[in-house]
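As structure tokens, here come the structures.
There are two complexes below, and they share chain A, which is joined by chain B in the first and by chain C in the second.
So, the complex of A and B:
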């Protein structure tokens, strides 16, 4: 398939903590196609940010180690690329936006200087040209009064404006892939919508692919073309946004969707997935979701014995239960549709 | 706590009597005084040849006008004045008030011009002071320097003379004017302190940045080297070295710099370790900034503040080291007038001529204390969180014409 711009295969990343080895990501595969938005969702700590940071090998600066796997981009494996070649890809062909616009900008330089720095580094422009280009970019990302704003320091801008600056920086070299690591988590809801709209419209203009990392399913429903769900460092489900929302095949996805509070439903206790996120030092054996899985308990009460055994012993691999909608569950055919039947 | 109204009323009353005036926190007043002392010491030292010299500024003798003082100038004098202009320039540029005033602009241009003039002079002037040809008590009309004595000039009429109108701070056992010696000695102290601080800061920045930023084995090994340096008490190391090494200005500067760099290196390392975990450093990498540039552009600029503060304390420390060495008769060559040496010279005469040791001691104390306070002021200014003035106690009101704005 020529459509695929970025292909991640069997990625595994670990961190050496004082308590022991943490396998934050353990065998993750996904592919990103030209012009689409792939949403990577999951709870906090499930390894989605680590996955994003591994693509550009940024985890290595945070003490992480890439154990195995490959990231194919433009016919080359980013994980085996020499540092200098990788540096040319960073910010140029693959760009990244961070979660906290407050801290992702250097406080001692003006925002214009920071955008111009990227342009000078990758496109080899002169100082003046780069500044002019930065002003253009600011106008494109909807910053009012761009020729004034370039000379402002980050602390003079609001959170939404800073995130726009970050986007301007990321777009400076018209990248093929934009990795957005929870770009709207730190922002107000109204600003959130503006930023998502901005990313979507720029994506249409430039035809770039966006890898959107989020735990906010509302955001996914709004802009995601396809969805990949992660749990405890593993992929549990892939599919189009529509498929995943209407007919989730993994009990974890089901739990996530039914824990969204509804405005129309009668008031009552909020639904949550029972149990907590497992200790990354000591993941459960077999399927990592089995201690919290309602499907497993349901099958057990229905006396289909043997079913529960396999969950705690054999780790399920991704299987195409429906065409191009794989899920990693042994009993995906028993899944109830999300909207009709709530999880107990 | 006093009521806010009372304070404002008092301020208003004061403003009505004295006119608009900025009211400073006591701590700030102390810092301000320290800055004035530091200014005075630097000004006097830089212009030592102009202030304390037996050669008059102007002499009119039988119709011909001469400038004997200027004829005694050597390169070092011009270089000192150039340094003084740079210092004044920095002071004006960093001054918080009247930031964009026209006076400032004119002043800066004027100072820049003078700086160039003195730079040119350094190339035209002789290396060594020419032998004295004119007598101090020449005939005709002349304008003397404020302190008309050379630091090495012996006044035959006054040995161990107490402070008087002729010798403001008295003379030493050899009849040399103490004030003149102190002014010229300030040069040596400042020069040694400045240059060794420069060495210490450069080394500290280099080692600290490399250790903190790259980490790993390099960090491990370099930090052990640093710890070896830290094992030796600084002053004893200096004394030991100069017990064997022939003293010279260069050796003193280099050695003081070499023993002082460790504290700066540790500070810079800690700063770099703190800063490199910020998101914007990761963002810079994600945008393809080369590692070296990340360090230079995104990490080091943020550690400038604490480093500057540490440098000011290092400066005071170097001054103490130099004075201690001179007091022990080590380090700088014999006969160089430094504060420590003058103190040492007066030690034997403490019983009957206490002023010989009193004044250099007092001067050392004042200079070092004021540099410490300047460093403290720098820290307050660079760290906005360390507020000393609680806003509810000292309202930041500016009062003019009795009204609060």
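So, the complex of A and C:
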């Protein structure tokens, strides 16, 4: 397909820890299409951030090793690209914003200098011109008094303003792809609404694709066109946001959605997923979700599964149970019909 | 909020907590952070009051002041009819047994060098509620109530996951049989799937023991789920309070309305009605004159910058602080 701007195939990334090898990402595939927002969701340790950081090979700077896989962008595999060529893509064609705008900005330079640096580096503008362009960008991302704000240092700005600066920096070269790693997690809900609104409107103007990494299903519901759900380093379900929320095919997705209290639905006991997220040094065999899976338990008590033993023995691969809605579950056809819409 | 006829478990009356900001060679106080600025509410036995607000609204300071973990600057605190502020230290310690705290950070709030048995048993020992074999038996019983196996007793906090550590924190709070627990963002550090388990547990315990919670959270869905009544804070003050259903379905204060409408949603109708607030909350060091919300308020008038808004009653249980 021509409208695919970024294609990740069979990505595997590992980290060496004191306690052993951690396979943080273990065979992940997805495609990002022009102009869309793809939300990569999952809980802590599922590998969503590592996946995002592997695209531009930032993970290598954090001690991660890309074991296998490819990331296709503009006809080239970013994972095999020489460092020099990759630098021309980074921040230019593919930009990234992070959860902690405080740590992502350099405290000893003014925010204007930092944005101007990107413009000089990638677009070859002169100092003065770059500064003027930075002021323009600040205005576009809704920073008040942009011509004064460019001379401020990061500590003089609030969290929301710093995230706007990061977005201005990311937009400097009109990228085709924006990777946003938990961009609003550190922000208050009213500021989060401003930032999500800003990203959406800039996306409409520029037609850029957004890969949104988040653990917050509310945010996914709000801005996601399509959703990919990760669990323990693997992809468990892909689909349009509507399909995934209204008819999840993987028991984990179903569990996540029912775990969240709603702003509108009647209150009662929450249907929590039992147990906790497994230790990445010791993932369960077979389907990594099987020890927590309600569907497996249900099939066992109904005794109709013909052996849900398969769950603990064979790792399920993604299968298209419905058109363009694959899930990695041996028994997705037994999924209860519809979960409720997520909060709110 | 207006005082109600029957006596409350906790009465907070015009509570103020200001922190000094010091600077220079002689640490001269050059400004005050007005973290909690004239807050009144009451809490009844078995009731959960949800306290919502954004960072810097003073909700955590309020929670800590209620248990005298921060000494209030002024105001009155009554617990079960007893004025806490005038209590002698020994009497305060006895009363404190009935008021416990659950912290946000399940990693930082447990002593890493103590075994779970000592962490959970410490309160009972200090208050001479049990000792020896009886103490061990009661620790095991409480651990069982929060869903931890007896084998947890001999282990250290680092051996547990975040959700399990929060259960240990809950067990510690329950150990001394309190009447009131202040829960400060008890689930916000947890994964979604684990958050639901802990919320269910808190609600189960509340029903079994007729506990009162002061439940502090920035997460509106969580607060709606667990609370009977809700108070919304902005810059050190409560701006609206009411029964959970009336407040969520008919918010009256423009800040509450904006806050509720900012929660992410799939619903295009809700998105269309969203009130996007400009800017961010100002500093509590120098709060705006008049109504503190007026610089960001979509319906502010000239008067709002001058006059402190009065409390208005929408119903017997629902009141808000706005001239509109």
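The rule is simple: the second predicted complex is superposed on the first by the 326 of 344 C-alpha atoms of A that agree within 3 Å, B and C clash if a C-alpha of one lies under 4 Å from a C-alpha of the other, contacts with A are read in each partner's own complex, and residues count from 1 in each chain.
Definition applied: a contact is a pair of C-beta atoms (placed from the backbone, for glycine too) under 8 Å apart; a residue touches a chain by one contact, two chains touch by 3 or more.
Being a predicted model, the structure only gives us computed values, none of them experimental.
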item	value
When both partners are placed on the shared chain, which of chain B and chain C touches more of chain A	C
First (chain B), second (chain C), both or neither touched by A:43	second
First (chain B), second (chain C), both or neither touched by A:277	second
Touched partner set for A:58, first chain B, second chain C, both or neither	first
First, second, both or neither for A:262, with chain B first and chain C second	second
Touching partner for A:194 - first (chain B), second (chain C), both, neither	second
Chain B and chain C footprints on chain A, overlapping residues	none
Complex contact set, residues of chain A against chain B	53, 56, 58, 61-62, 87-92, 95-96, 98-100, 103-109, 117-118, 121-122, 166, 169-170
Contacting residues of chain A [partner chain C, same complex]	43-44, 144, 158, 160-161, 188-194, 196-197, 215-219, 221-223, 241, 245, 255-256, 258-263, 267, 269-274, 276-277, 292, 341-344
Residues of chain B touching chain A in the complex	278-280, 282-290, 293, 297-298, 301-302
Chain C - residues contacting chain A, complex	54-55, 161-164, 191-197, 199-200, 203, 218, 220-222, 224-226, 248, 258-267, 270-271, 274, 276-277, 279-281
